[in-house]
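Consider the two complexes below, in which chain A is the common component and chain B and chain C are the respective partners.
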Partner chain A sequence: MDAALLEQMLLGALLALSVYLPLRCGQLSLATPGFYAVGGYVAALLSTGVPAFAGSGATSPLPALLAEMALGGALAGLIALAIGRPVLRLRGIYLAIATIALVEILRVLNLNLPFTGGAMGIFGIPQPFEHAGGYVLFTLALLAVASWLCQRLEALRLGRAMAAIRDDELAAASVGIDTPRTKLIAFVASAVLAGITGALAAHFFNSWNARAGSFDASITTLAFVVFGGSRFWLGPVLGGLALTALPELLRPVGDLRLILFGAVILLGPLFFPQGLVTAERLRGLAAVLGRSRGRGHQAPQTP
Partner chain B sequence: MSVGRLLRVGTGLLTLTLLLAGCASDPGNQPLDVAGGVPVGAVLALTGNANVYGQDQKIGLELALQQRNGGGGINGKPLKLALEDSGSDEPGANAAFTLQINRGVLALIGPTLSQQAFSADPIAQRRGVPVVAPSNTATGIPEIGFFISRVSAQSSVIAPLAIEQALKIQPGLKRAAVFYAQDDAYSTAETTIFQKALKERGLDPVTVQRTQLNDQDFQNQISAALREKPDLIVLSLQAVDGGNLIRQLRELGYRGLIVAGNGMNTPNIYPICQKYCDGLLIAQAYSPELDTPANAAFLKAFQAAKGGAIPPQLTAQAYTALQVIGEALVRLDKRQPLAGATLAAARKQLMQEILAGTYATPLGEIRFTPEGEVIQSQFFVAQVRMDPGGRSGRFALLK
Partner chain C sequence: MSASPDGSTAATTPLLQVEAISCRFGGLLALDQVSLELAEGEIFGLIGPNGAGKTTLFNVISGLTTPSGGRCLWRGVPTAGLGPCGLNRLGIARTFQNLRLFESLSVRENVLVGLHHAARAPLLGALLGNGAFRRHQERLEARAMELLTLLELAALAEQRAGDLPYGDRRRLEIARALATAPRLLLLDEPAAGMNPAEKDDLRQLISRIRDHFALTVLIIEHHVPLMMRLCDRLAVLNFGERIALGSPAEVRTDPRVIEAYLGGSGGGSGGGQGSAAGEGR
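Take a look at the complex of A and B:
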């Protein structure tokens, strides 16, 4: 497997985590690609337009990338903060539709704003890393941090409040959880993560245009989470990695590859309705591993 | 073993696998492997909304490969072409380019769309792999770098010719209406050129209608345009949306001239707009009626393969791209045998050789500027003539 594909997989995993965060709070938001596009535009505009970010020639300095990621994440977060309150009054499928509309609005804006390059978008984005391997290490670190934060969430009051809202919003509110605030935090965190990912992706893809944040992308990122499982952060990460890699790994089968890919997406939820990773399956795996290790210690196997 | 511990072990293992996998070595420093043939790669949009173009291009590459290997290959060694699908988006093109480069190809043909080229070409440029683009018409492609060239003339050269022809057919034209897909790079780039050409000829567009690439229903935009009573309609649309729009235009009663851009320059529009395609004006970089030995050989090969059909421009350009690489390889190998060189050195020399040559191709005689832009002597304007059944037709050359 080569580094460029790995990088795409890692970006897919980050986006899947961004869809997972609101879902962890019971909110079906499809806005992730919209914020992803915003983050990408911030990085693309800064690194092609501002000399301090552009660096010399084809390479751009790493601090500039970090600053772009911070700014991209911040802008996406601000947009989410501004629209989050009214939008999050909606629930379930209505929220999904509202967030699709948001993605669409951002896309049409990006196509028509005077400085975003129209449909052609922005190209010639400088590279902070010489090889795709550099991107992989950097993104891996980012994914590790994001995953660790998601893992921490399990133990934090905020994470438990989010889980309570997912299980029953009314009950959660009646035990004193500030449900609008908790939902808003999840939504903004999701936007920030998507914005950061976008800023990184813009460099990796060399060019950035409005197609990064389309309805198709909304569905793809949702598929990551549905396929991998929405209960535990490892699910979306696995889903994002697997579903991004699959079309490429299936290349040897030739013309059939997209049909097979579709079949996998179809069969996944059919056989694993909760996604690949569930708490029971994790516990089961832990128990099996624990037992085999225990046995190995106590009674050495005889030939 | 607790769940938390399992997670830590699992994440560690995952990280390790990813890191190991990421350390695949770059084949650039290794000696070039020509044992199984001289490797050249192609990346085309065989799926997604641009697939109609990719299919046309694939035939062109296959024919050029037969022609090259039938005529002795690269000084006795066969040319080996690896074809990969890029889909119709940028990540797909990037992945396919990287895959081909890691396989150790000497040169790449593709990608199909300009938008994909802006994303994937910098990868080839960084890794020093020659790219000959068979169908990128947007401004700025060869400027991506030394290793990027194209055989497809840019639309700013070709598009205005069709407007001129429309004015020749109907000199009194006054009211032009323009359509383009606002979310498509090709469409937005070409419509700027069309609108500029219209203005220069005193034909300020009376209306400019925006559509979307994936639209199926254009009733709103068409009604709005027809209220302005246009006598010329200029389309910068791709094959599928453009074909549908023409059909709906005619069904809603428009009778005047229609000029289309390069996106509809493929016989694959016939099944979409059927009898309504008739009369469509398109400027082309290739004409099947060009009377040269190179075109005759190409025509013969195409018609033998496709039962007498007329080859479209995209097929001729793809054929040309592989022909250019093939001839450059033959010259390079004669001067300095490929077998001994490292891959990186061979790639660089090949690029210099490509840019230095003059080629007798189905498009006519072509050369390159030092930047990699094609220099082509002749362009054409064709009008679509549909058969009475409306199932098939041809591009008839207008003098």
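Take a look at the complex of A and C:
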């Protein structure tokens, strides 16, 4: 497996986490690719147009990349904050459709704004890393931080409030949870993560255009989470890694690969309706790990 | 029922005043100018046939339904526009007739969600899981276990709420409501689906909870004998109208109540007839 594919898989896992965050509190938002595109444009514009970010020639300094990621995440988060309240009043499939519309609006804007390079987009984005391996290490670190935050969420009252809203929004409100605010936090966090990922991806792909945020991408990123499972962060991460790799791994079979890919997306939910990672399987895994660790603890007691 | 001018009632503002609440659903007047006052610390019963508007009144008081007329006052202050979250923070907690637990969460987690407000902690410490946060977390867990013990659910703490039998779910809803540290607890048919022995346990439990937390309780229940023993005062609703109000003894002998609800049998359920008439409208 080459480093470039690995990098794409990691980016897929980050996007899957972005879809997972609103779903964790029951909100089916498909806006992730829109925010991903926004983040990418921020990085592309800054690093090709602003000398302070551009660095020398084809390389760009790491601090500039970090600043672009912060700004890309911030802009995506601000957009989410601005539109979140009214949009999140919609439920279920209506929210999904509204967020697809948002992705379309952002796509058309990106195509037509005077500074985004039209259909061709923006080229020659400088590289902070010489090899794909550098990207892989950096993205791995980012994915580790994002996963750690999602893991911490399980122990926080915010995480419990999100789970409560997912199960029963009205009951959650009646125990004093500010449900609009909690949903907004999840939506903004999702946008920030997508924006950060986009800023990184723009450098990796070296060029950026409006196709980054399309309806297709909305469906693909949703498939990551459906396939991996939406209950626990490990599910979307695995789903994102696997479903990004699959089309590439299937390349040898030629045209058949899209059919096979489609079949996997179709059969996954049929055989694993809750996704690959479920509470039961996690408990099973924890029991196995606990047992082996238990043995480890006992060993020193019997010398 | 009106406040006596000698000042004995004027000295203490009622905890909750329901003033001429009306609630219209299309052509149906589910509540027709209903007024009540709850004094701090009392157990107040709400009875009436199926479809009388009891749950609708709970929904208005807890902010789930906006009334078409009238208002509620909490310690003398109007509560309009607060919504369920705001009213819970004021001190009103409720259970649901149709049970609305967080089914995918464990029994313990359901109560922890109820402790949402008490769970506020500095974000950075919480993210890092530092010592202060862990101690805070231990206090929350201890509080949750206390409530579960009180409601005889401690042994089931790690079970999924969705897997519990009916009676346990009803008690878990009470535990979750109590976790929000309410002053007023609204119980919508907490004994539904319980056998006579369980009902009797529940009655004692509600009295105990009231004493333990110095709570005010507003309870809906069809089982009239239970209500007569449990409640300090009762109101009777029929077709959205409050037809009686007073002590159990007063309500029991009220001719309108006997006619409309008790059907003269003194304790039988007039629910079936009431509901048929309600649907006929």
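The rule we apply is simple: the second predicted complex is superposed on the first by the 287 of 303 C-alpha atoms of A that agree within 3 Å, B and C clash if a C-alpha of one lies under 4 Å from a C-alpha of the other, contacts with A are read in each partner's own complex, and residues count from 1 in each chain.
We adopt the following convention: a contact is a pair of C-beta atoms (placed from the backbone, for glycine too) under 8 Å apart; a residue touches a chain by one contact, two chains touch by 3 or more.
Here the structure is a predicted model, which means the values were calculated and not measured.
After superposition onto chain A, the partners chain B and chain C occupy separate space and fit alongside each other.
By the touch criterion defined above, A:133 reaches chain B but does not reach chain C. In the superposed pair of complexes, A:5 makes contact with chain B only, with no contact to chain C.
Angle at chain A between chain B and chain C, computed from CA centres in the superposed arrangement: 150 degrees, to the nearest 10.
Once the two complexes are overlaid on the shared chain, A:111 sits against chain B while remaining clear of chain C.
Looking at the superposed arrangement, the partner reaching more residues of chain A, out of chain B and chain C, is B.
After superposing both complexes on chain A, the closest C-alpha pair between chain B and chain C lies 14 Å apart.
Across the complex, chain C meets chain A through its residues 62, 64, 83-85, 88-89, 93-94, 96, 100-105, 109, 112-114, 116-117, 119-121, 126-127, 129, 137, 176-177, 179-180. Of all residues in chain A, those touching chain C in their complex are 149, 152, 155-157, 160-161, 163-164, 166-168, 170-179, 231, 279. Taken together, the chain A residues at the contact with chain B in this complex read 1-6, 8, 10, 58, 107, 111-112, 118-121, 123-124, 127, 130-133, 136-137, 140, 144, 147, 151, 205-207, 209-211, 234, 247-248, 251, 255, 257-258, 282-283, 285-287, 289-290, 293. By the touch criterion given at the top, residues 1-3, 5-7, 10-11, 15, 18-19, 21-24, 26, 46-47, 84-85, 87, 89-92, 94-95, 98-99, 102, 114-115, 118-120, 122-123, 126, 138, 140, 144, 181-185, 187-189 of chain B touch chain A in their complex.
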